[in-house]
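What follows is a short report on a single structure.
Labels A, B, C and D are assigned to the chains in the order they are written; within every chain, residues are numbered from 1.
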Amino acid sequence: MDILQSGTGELIQPFDLDEFREWNRTQKSRKLIDKRMSEQEAVSRFVYDGCYIGTELYGTVRAPMSLAREVVRQGKKDLRVCGQGVLELDLWLAAGLVKKLDITYIGLEVYGTSSALRRAVESGQVEKCVEWSNGAITWRMKAAAMGVPFLPTRSMLGTDTLCYSAAKVVEDPFTGIKVALLPALVLDVALIHVHRADKYGNCQIEGISGFAAEMARACKRLIISTEEIVPTEEIRRYPDRTIIPYFLVDAVVHAPYGSYPGEMAYIYGRDEPAIKEWVDMSRTGEDAKEYLDKYVYSVKDHGEYLKLIGEERLQRCVELREKRD
Amino acid sequence: MSDQTYSKNELMICVAARLFEDGATCFIGTGIPMLAAMLAAKTTAPNLVPVFEFGGTGAIMEELPRAVGEARTWHKGISALGICDTMETAQRGFIDYGFLGGAQIDPYGNLNSITIGEHDHPRARLPGSGGGNDVGSHCWQTVAIMQHDARRFVPKTDCVTTPGYLTGPGAREAAGLPRNTGPAYVVSTLALMDFDPESRRMRLKATHPGVSVEEVLAATGFELLIPEQVEITAPPSAEELRLLREEIDPERLYI
Amino acid sequence: MDILQSGTGELIQPFDLDEFREWNRTQKSRKLIDKRMSEQEAVSRFVYDGCYIGTELYGTVRAPMSLAREVVRQGKKDLRVCGQGVLELDLWLAAGLVKKLDITYIGLEVYGTSSALRRAVESGQVEKCVEWSNGAITWRMKAAAMGVPFLPTRSMLGTDTLCYSAAKVVEDPFTGIKVALLPALVLDVALIHVHRADKYGNCQIEGISGFAAEMARACKRLIISTEEIVPTEEIRRYPDRTIIPYFLVDAVVHAPYGSYPGEMAYIYGRDEPAIKEWVDMSRTGEDAKEYLDKYVYSVKDHGEYLKLIGEERLQRCVELREKRD
Amino acid sequence: MSDQTYSKNELMICVAARLFEDGATCFIGTGIPMLAAMLAAKTTAPNLVPVFEFGGTGAIMEELPRAVGEARTWHKGISALGICDTMETAQRGFIDYGFLGGAQIDPYGNLNSITIGEHDHPRARLPGSGGGNDVGSHCWQTVAIMQHDARRFVPKTDCVTTPGYLTGPGAREAAGLPRNTGPAYVVSTLALMDFDPESRRMRLKATHPGVSVEEVLAATGFELLIPEQVEITAPPSAEELRLLREEIDPERLYI
């Protein structure tokens, strides 16, 4: 089982499984502790300059937008960032917070490529882009979540994506096929937005789970924002819905409309004009700064942000929500 | 012939939609593939099973999704799980078709969506490999949808980020990619292409109405194979256009 | 990445991922086809002598007992069987159907070791026992479900469990730790019992999911038995509960009390005296045969079996069910 | 001293229950560990987090589970997922304690639960490695619960199916098992044992009431380390017995 090929990309977040185990033993309490706090407190306690950080799902769907804005507001810098994103990572890129990227896709989906990404990378402000596929980056988190050093895949083979990654190609000792081994990814901090959580951090999600289960199990610190805080009894009534148990969680932030201007299935739909506003403003660095000034720096927290957006607009999003007939 | 006018996007959507086999599973990415899938589901492929990478499978697409994780991607769906489920379903051989895009394509159907210029100091940073690499690796057949010009149809892409036939016959298998997979079609603003089964090189199959073979060749930066018979794609029908304009994309996000 | 150690156990179900992919392409329709059939039809169509077969979960909990009895009734033989079980595998062992075992645990839980297993193995009737841990056998299915040839684990290292398995130990090329590579397990046939399914095979489960998700994705043929057949609209209303989508499924058998004498969470509890009856009768080959005569061979199907058990007993189990307050 | 009589199982359950640290996560197998966990939850460890291998985490154990997948193992629980979730949670270092059993145990705490005699032609076929191997590999500390006699406490087990300290100091790490893990205690019908931190060999910690050190040694097929001070385990209290008999196992499945 020789190494047939090694990607030349940097492993920008090296890992040690025994050290991760020790962290999980000593830094993650199994006690039911009230972890509710403001987004200011959560971000200032757990996000730090230079940390390796990731956000779950995609900027317009169940994304931790209120937390992402708070990271910008507190100006955490030199971030090493995990992969895929739309609005949330775009804000960080535009604010100049990102130093290195394990990148899979950063763009504006319907609205095309990301100008913020282009500026940040082409100017050299982002020092390093290590390439992965969407599947691969999730499997890297899944490896960490499983407590194993790598997972094999048949993605990425034969491409420059592999060349610019930190994966390694080997021959499977059972059947002789080639597979790419993806190194585990243990994030320093992860941000995940959910439908409901109790004060201890037990979380439940409606609809697709994206990569919440994997990311929550692949990080040293986990900040949850939630549309609703529910009594623990409600969690215990449907334990088969608890995708994230409390002992994985470090902070629970109550954030109604936390995914706005993106959507939250069954609660509110997306605000298309608000998304387009970023699409337009992000085209130039100057306009992007103006946007950040208006929507991030000049409001002190998510509550003030929602006041700026206004009840009427939010209500319109509620009307546009996905419904269970 | 239709007497209606239509946009290039409308035509590409219609041509792509007609490629969907009824009852097949299809990995659907953002943009034109979504419109094509909706159009197919309303016309020739009512039993189409759309799969969206973040977990939605078998949705009934009543409204156009604008993101691959939106609730519309699992609306009245069969299952709404996570990205591992869909990617592993593809890796296990359960996804028949995948739709792809990119900034550049080469004669073997390889796509580039990461950088133009040197990777570490790029002239243009593109979005990244995304799910495209996984789709191109695992789906049985892929269809690329592209603007057609010589800057995009190039002899060699700056990077290969989604595998086509790589360097030619046998190259996918040699790299370890699953057997019998690879690009089937390219739908462009000018034409429909397929791939020669021997050489694995891109081949003109049909030109769009009003487009000459010469125009296609002029807009292609490599030697495109030309078969003896070049078909002409059927223009959008009145019903296709009505569905697109009234039911699928009434807000005109794409068309 | 050399092979540091190879288990000496036989890989009793060799696999080829490309062949599995081809099977999934050509033998598993994506069309919505009515797959309802009787247990007789399902077992006679899809289970065959010598096949490699597995049952999901454990003999007293959401186990496909009605299907397991039908396999005995039809006398399918030379079975190669996947691992862990209580009543269901005990019946097969007692009936002499099993030739080879990928064994993790076969026993009677509270009631101790399995006499049927002892007789079958010690007499040489079961020709081969290849050893795995419970985690390992599930990860083997998970590998197949992921479409990869192996998964790494830190289980089994340093033990004879590994020596008598078909695992291989290698050094992780990223961090240098040792891991055991577990070969993918692609079953010929899997039997899974669920709370509800539609006629196409879309399945939903309440409570723990055991290894249903993994096994359903790691088999060539999948027979589902279900407490209830529901309209597809009900499935589509909660797609986030569909752990097994229809295209994985080959047969849907309506089997109320299908897990009896075991339990089905929220529907019925277990019948302790009925379980004890097997515990007692299975002590000798003769008594075990008598039990099989009475409860399997002399009833023509699951319906008759339920009549033999009687409404009153079943109703008592319903009263003992787990409830959501 | 209690003036009540009690069974050997009742004593073992009480001794095991007192080892549970409050607020710790514990992998609980069928049988005595379940009773011990319930007793602990009702006495000294109200914040105990039981984990059952097929997916139940954090149950409020109101009734004694008789199987590791029963609904009682996730009754009012925190989560009810699958076996991969619990095993991977252990592999990731989140499970503090695990309870184990076996047919044989050796001085290093290695357990055998697959075969007595030659593996391929065994004199006795035992249930198999089960979850025990995973628990013994990944939990931070393990506690074995055993009948105490010289056929079970042997110098060398016929097979090692759940890893203890293997061949002694450093052997777990050399085999690749997670750092700083291993057996902590053995609760038997005669005594409570721990392990010498230097030699990793089993050591008598306390004898049960009325049992002499000599009796323990006579029932142990290898040289058991004897410290200068051997404690005596406290007998079950009246309250412990009441809880066991009235609340935990009123049907007397185990006691």
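Here is the rule we go by: a residue touches a chain if its C-beta (ideal position, glycine included) is under 8 Å from a C-beta of that chain, and two chains touch if they have at least 3 such contacts.
Not measured: the values here are computed from a predicted model.
Enquirer: In terms of CA centroid distance, which chain is the most far removed from chain B?
Expert: Greatest centre separation from chain B goes to chain D.
Enquirer: Would you mind telling me which chain pair, A-D or A-B, is linked by more contacting C-beta pairs?
Expert: Output for the comparison: A-B.
Enquirer: How many angstrom lie between the CA centroids of chain A and chain D, rounded to a whole number?
Expert: Chain centroid spacing, chain A to chain D, equals 40 Å.
Enquirer: Take the average of all CA coordinates in chain A, do the same for chain B, and state the distance between these two points in whole angstrom.
Expert: Going by mean C-alpha positions, chain A sits 28 Å from chain B.
Enquirer: In whole angstrom, how far does the Cα centroid of chain B sit from the Cα centroid of chain D?
Expert: The answer is 58 Å.
Enquirer: With chain centres taken as the means of their Cα atoms, state the distance from chain A to chain C in Å.
Expert: So the centre of chain A lies 37 Å away from the centre of chain C.
Enquirer: Hey, what residues on chain D touch two or more of the other chains?
Expert: In chain D, 56, 74, 76, 80-81, 84, 91, 138, 178 touch at least two other chains.
Enquirer: In chain A, what residues contact two or more other chains?
Expert: Expected reply: 17-18, 146-148, 153-154, 177, 179, 207-209, 237, 239-240.
Enquirer: Looking at which chains touch which, would you call it a line, ring, star, complete or other?
Expert: The chain contacts form none of line, ring, star or complete graph.
Enquirer: Looking at the whole structure, which two-chain pairs count as touching?
Expert: Pairs satisfying the touch definition: A-B, A-C, A-D, B-C, C-D.
Enquirer: Where on chain C is chain A touching in the complex?
Expert: 1-3, 11, 15-18, 146-154, 168, 170, 172-175, 177, 179, 181, 183-184, 205-209, 237-240, 324-325
Enquirer: Residues of chain B touching chain A in their complex?
Expert: That would be residues 30-31, 53-56, 66-75, 80-84, 87, 91, 110, 114, 119, 121-134, 137-138, 159-163, 166, 171-172, 174-178, 253-254 of chain B.
Enquirer: Contact residues on chain B for chain C in the complex?
Expert: 23-25, 47, 49, 56-58, 60, 74, 76-81, 84, 88-94, 96, 138, 140, 178-180
Enquirer: Where on chain A is chain B touching in the complex?
Expert: So the residues of chain A touching chain B come out as 57-58, 60-62, 83-84, 86, 103-107, 109-110, 113-114, 117-118, 121-122, 124, 129, 131-136, 138-139, 142, 153-161, 164, 169, 177-180, 207-214, 263, 265-266, 269-270, 272, 321-322.
Enquirer: Per the contact definition, I'd like the list of chain A residues that touch chain D in the complex.
Expert: Listed in rising order, the residues are 17-18, 20-25, 28-32, 144-148, 202, 217, 235-237, 239-240, 242-243, 245-247.
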